[in-house]
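Here come two complexes built around chain A, the first alongside chain B, the second alongside chain C.
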Partner chain A sequence: MKKIDSDKALRLVIYAVLTLVCLTIIYPFWNLIVISLNTGTDTARGGIMMWPREFTWENYKLVFKDTRLVTAAKISVLKTVIGTGAQILFTSIFAYGVSRRELKFKNFYMKYALLTMYVSGGLIPSYILIRTLHLINTFWVYVVPAMFSAWNMVIFKSFFENLPEGLLESAKIDGAGEYMTFFKIVVPISGPVFASLILFTAVDQWNGWFEGAIYITNQKLIPLQTLLKQIISANTAGQLMDQVSGTAAEKLAEETLTSKSLSTAAMFVTTIPIIMVYPFLQKYFVGGMMVGSIKE
Partner chain B sequence: MKRSKFRGLISTALAVIMASVVLSGCAGSGKSGGGKQTAENSNFEFKKDHLEFSWYSDYNDVLANPWAVDSPTEEWIKENFNVDINYIPASGAAGQKLSIMLASNELPDVIQVGDSQTIKKMEDSKLLQPLDDYMNKYTNLRDTLGESILNMLRASDGHIYRIPNWGNYAGKPNGNTCWLVNEKVYKDLGEPALETFDDLYNFLKKVKATYPDMVPLECKGQLEKYMYCGFKEEANVDDIVRFTTRKGNELESLFKQDEYKKGMLLINKFYREGLLAKDIMARTSDQLEERIRAGRIAVLAADTTFGEKTRGDMKKQANSDWKVIWPIHEKGLDGKKIMLNEFASLGFNSIMITKNAKNPEGIFAYLDWLWSPEGQAVYNYGPKGLYWDELNENTYPVLKPEYFEKSAAEISKEIRGSGSGCRLGNTSWVDGCAKYVYDLTPENKRSWTKTQQFNIVWNTSKKADEYTDVIPNSNSDEGVTYQSIADAKSEAVAKIMYAESEAEASANFDALVAESDRLGMDNLRKYMADKMNENLKKLGEK
Partner chain C sequence: MKSIEKGKDSIKERKKFCLGNKSKTQLSLQSMVVPGVIYMFIFSYIPLFGIIIAFKDYDIVTGILNSPWVGFKYFKEFLTSPNFGMVMRNTLLISTLKLVVGFPFPIIFALMLNEIKCMGARKAFQTITYLPHFMSWVVISGMVMSLLSIDGGQVNEALMKLGVIKEPVNWISTPKYFLPILIGTGIWKEFGFCAIIYIAAISGVNPELYEACSIDGASRLKQMLVVTLPAIIPQIAITLIMKLASILNAGFSDILLLTNEGQNTIMRNVSDVIETYVYRMGLKSQRYSYATAVGLFKSVVSITMLVLSNKLSAKLTDTTLW
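Now for the complex of A and B:
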């Protein structure tokens, strides 16, 4: 009896601690949602904790009011899907190649690839390169420069090197070539690494705003994050302009939107899609697909 | 068969992709570096012929919305003047975007920049269109700025390349910086005299004794500015930023001035006695705003903008308001000669037409019109025909009665709509017109900000044209000295404030003086004095 009671007690303590830790992690995010649903000027008074004090949709209304939002969202989705797909495809193929012992000059390829991780020409040479490749003001500026990631390549390579050699040999014995081996054998059993890197790359692509700010002037090609940056800056600018023009200083007193409230609404609008995608990828992190594939 | 087909497909696809990437890199050499050469288009008729150009302003917080979309002002300009402007947004990458434009010579038609060193580089690199000839044809700018300011604008080759934005050329003072007092607290404590630092000290002591939860004194920005100016009549507030003060044609170290030392020691005294917010150095501006909106600050050294922004909450939360007072000063000084603001004829930044512009004359004609009373009236009071039809003998719009029925906030939203606002401000006209409109406005509808500015704040502002561009560029030797002294000063200001006795504060101050001398203050002030004297020469002053 004593043993069962102490088990229960221990379990309760563990659950309580874990719940507390989860709440500590979730609370800041929850607080930002609450701020995004609260009037900006009321938020500035402080004390917003669990629930909005002055509930409003105005922060989201301003974000969604911009007619460029739908186009920007489309661009973001396309660049995330195509950009992620292209990067994962080319990076994984490269990593598979350099993971094979029999590849000639593989050290050279590795060093050449790793160099790009440590050394960069800087902003202006990058711009000149992009311009020379005729990618300025085109959708492909989001895809082509990001088609290879040295960091992801290293992760893929480490994973592929640990795959049982016997599995790949058996494929060769059955007559599979390199491509067949890669796409039909290696990729299916590398679920965890592909899922992880697809998620990280997708989040990177989704959050990217810099390319849209630097390489794109056509407003129909800017992604969501760049547009949201403009919306937030515009609200600040609107307030600053009234101050400087001096003809509508009272507007500041009547204004309820603040840069902070707008930023939180913008943050939430861009985070939701990623949160929705994550559960579909989660199952690939868990378990392995290799169980039962080889009898040692 | 299947296996080789699959392999072949993949190989072909990869080969095609790689080839297209390689070929796109080989095709052509891209845009040539020199940009388009522009010929003066003397057949261009402004307001009739179509004018289209791009405009980039190197600030993240400048509106760059699509032109003439849901904006009465911009739609009126487009319809009546046949003008289309493509505002290029900085999208959070201002500075970097400008560097790229300069390096790749892909400049917009109009560029707006604040940093004088960058402007000078652009002038010297011949990236800009000289405006002299256009100024003689379209004369609003030339006639209002006057010879001395035009001289200040001239580049080293004698040409004028830039138009000052928000320049206060008429020499009428303006600004926002002021002392604000919590009206309810002030009344409850018997409305004592609040003119000298002694008055302030006594008032703050009373506040501390009577309201334990209230912060007696807070500051938005640098408190040392308010203190330094209070110890010296006709001070230039930005001596604090320049680390020097003018004596004739020389610049002396600010740190060796009694007024500055007295100001710093007073800050230390206030801090030691708990009259300043304890976390004044560490708290964020959000926390300051929270305190203000909750009505928990008795005296605030800030500006009318902040006051206007927070008055609503002061009323709601604390049944109070802000009261602007004349600058607090040392006993014996004339309170009406204490200056908390500076203003300059060359304004905040400059607008330039680049060599890439296809129609520089057309663009200048538009900018010259924008600077004119009509242009400023359209942007500030709405398109012609809405709230005004004509300008009076003073060039101000004759406003219809409907204008005074709405609040300024409503009018502003209505006339600007989703537009990007006016990027070229004629401050002297705007301020003059604001006074004219203020006098016409019924008393109960008058702007609080304008009331404070006309009654007090604009009387506490000093001209500072001689100091234009004196601070050295960060890449130069003097710039490095300037930054080192700035770093030493930041540290010293904190040490002086936190000192536990006046003797310790004084010792920390003396250490700052010695350190600034060691870091090269003499060279710095000589460099800045040379620049100041160059400006004086251009202005025709001594």
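Now for the complex of A and C:
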């Protein structure tokens, strides 16, 4: 009897702790929504905790009218779609190639690819390369340098290696070539691994801000995250400056008043696609992670 | 007779066909792999070769090959500069704290989640805790800065209402609060997602073990400690060793974004790590050779750590990286 009581108490405590933890995760997002639905001047007065005080859609209207944000959103969508498509296609074909026992020099190819996971030239040599290739200030700087991922390749490869051998053999007997086998047989039955790697790659592309910050100076080519970063830094500049005189800080605060509400709305809009996609792919990426953690 | 001849012929034909097929297969397979090999040569191996600018006085006009050699000049400069101590201290402090403080959270979370038998609640807890992993550091740093802001930030408001503080605190530009904010945000973002491998390991535990334990009169808490926890010890060991290998990776995006790219010099004393220093020296001040030397210094130490951890891992857990 006592045991059952203590078990019940334990379960109660765990439920309470986990609920509290989830609330700490949800609250910042909730706060984002609340501020984005409140008028900027009212938000600046402070004291907003759980609910908008002066409700307005104005911030969202501004977001969708702001040409900078709309242009950046287009770039984000394009880079996510093209960048993810190119990387998954290129990486999975390579992985299928090295997953086949018939491939000559297979060992060399694998070592050659794995080495790139552990050593890299680092920031500056990569930057010099991108400049030498004239990719600076072009859209392709988001796509081309990210076209191959050795990590994803390893995950694809170990998945392909575990496919039933007979399936590939029967395709061969029917006269299908390697490309045909890959696209018609392998891809359709590899749904889970494609789903999880497309998700991870797309999230990386969507969330990436650094390339836009270092390789792009043309404001028309920066993605949403880079633009958001610029807006947020402008907002917090006042607080982070080494020494700001009172009046200068006040003036800065006034100027950024609307842009603060605007950036909150933009931050939420940027997050919506992710919130809408990942819960549905959860069962796949749990499996995908496991394939990846198994040593190839 | 004729039919036998014919049969022989067709076997020959078939063999020929197969042979042709084999080289065709090989050609197709090679055509799948070779473009990737060329790609990696350009985007991974050429930058590797570019490291030589750490030993040269590189500038844009003369190019990599024509720049004069300077030997270890830039390494000496880094090792003797006052920044060296600061950057190394911050790097080691931040990554050690991230490792030590952050490590238990996913494990505790996985253990707790295992006690939730209602599948709906379980799924909800998982979905919510995975969310921050998929968010960009830009948005998260924006949220953190908004919550902690000195004018109307919710943290200041709440603490003032509770009477903990009398006037708003400027959390994000006070050096002593930087580490707790950085590490707390990092844990908040990743503990749920990092728990995945532990949750998977726990799901592989034989249910009979729990039953046997239960018959012996062990409470759930006891079962958690004597059945579940030991079951994930191998995962814990592997994760710990892998993290040791990357002890010099203190972070980059998180630090850069939470400090507004280190514009504040006072904050830089506690936040500048090797990678942000390389970024600032290389791309902001355009000291390409110096920054590359600093980066190379980090890589050499990292690779040494990686090899050592791999040896340790092979000895303790029979798992190796390569």
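Keep in mind that, in the parts below, the second predicted complex is superposed on the first by the 180 of 296 C-alpha atoms of A that agree within 3 Å, B and C clash if a C-alpha of one lies under 4 Å from a C-alpha of the other, contacts with A are read in each partner's own complex, and residues count from 1 in each chain.
We take it that a contact is a pair of C-beta atoms (placed from the backbone, for glycine too) under 8 Å apart; a residue touches a chain by one contact, two chains touch by 3 or more.
Predicted, not measured: the structure shown is a model, and the values here were computed from it.
Touch criterion met: A:Ala44 reaches chain B and chain C at once. Of the two partner chains placed by superposition, only chain B is touched by A:Thr217; chain C is not.
Look at A:Pro28: by the touch rule set out above, it reaches chain C but stays clear of chain B. Contacts of A:Met276 after superposition: neither chain B nor chain C is touched. Put simply, more of the residues of chain A are touched by C, taking chain B and chain C as the two choices. Once chain A of one complex is fitted onto chain A of the other, the partner contacts of A:Leu123 extend to both chain B and chain C. Contacts of A:Thr264 after superposition on the shared chain: chain C is touched, whereas chain B is not.
In the superposition on chain A, A:Gly177 makes contact with both chain B and chain C. 44-47, 123-124, 127-128, 177, 179, 209-210, 214, 226, 229, 233, 236-237, 240-242, 253, 260 are the residues of chain A that lie in the contact sets of both chain B and chain C, per the superposition on chain A. Residues 41, 44-47, 123-124, 127-128, 131-134, 144, 175-177, 179-180, 183, 209-210, 212-214, 217, 219, 222, 226, 229-230, 233-234, 236-238, 240-255, 260 of chain A are the ones that touch chain B when the two sit in their complex.
Here chain A touches chain C in the complex through residues 3, 6-7, 10-11, 14-15, 17-18, 21-22, 24-26, 28-29, 31-32, 35, 43-49, 90-91, 93-94, 96-98, 100, 102-104, 109, 112-114, 116, 118-129, 145, 147-148, 150, 153, 177-179, 182, 203, 206-210, 214, 225-226, 228-229, 232-233, 235-237, 239-242, 253, 260, 263-264, 267, 270-271, 274-275, 278-279, 282, 286, 289-290, 293, 295, going by the rule given at the top.
Taken together, the chain B residues at the contact with chain A in this complex read 3-4, 6-7, 10-11, 21, 24-25, 27-31, 60-66, 88-93, 96-97, 99-100, 103-104, 106, 166, 176, 286-287, 289-290, 293-294, 304-305, 308-309, 311-313, 317, 380-381, 407-409, 411-413, 421-422, 425, 430-431, 434, 437, 447-450, 453. Touching chain A in their complex are the following residues of chain C: 22, 24-26, 28-30, 32-33, 35-37, 39-40, 42-51, 53, 64, 109, 112-113, 115-116, 121, 124-132, 134-139, 141-147, 149-152, 154, 157-158, 170, 172-173, 188, 192, 196-197, 199-200, 217, 219-221, 253, 257, 259-261, 263-267, 275, 278-279, 282-283, 288, 291-292, 295-296, 299, 303, 306, 319-322.
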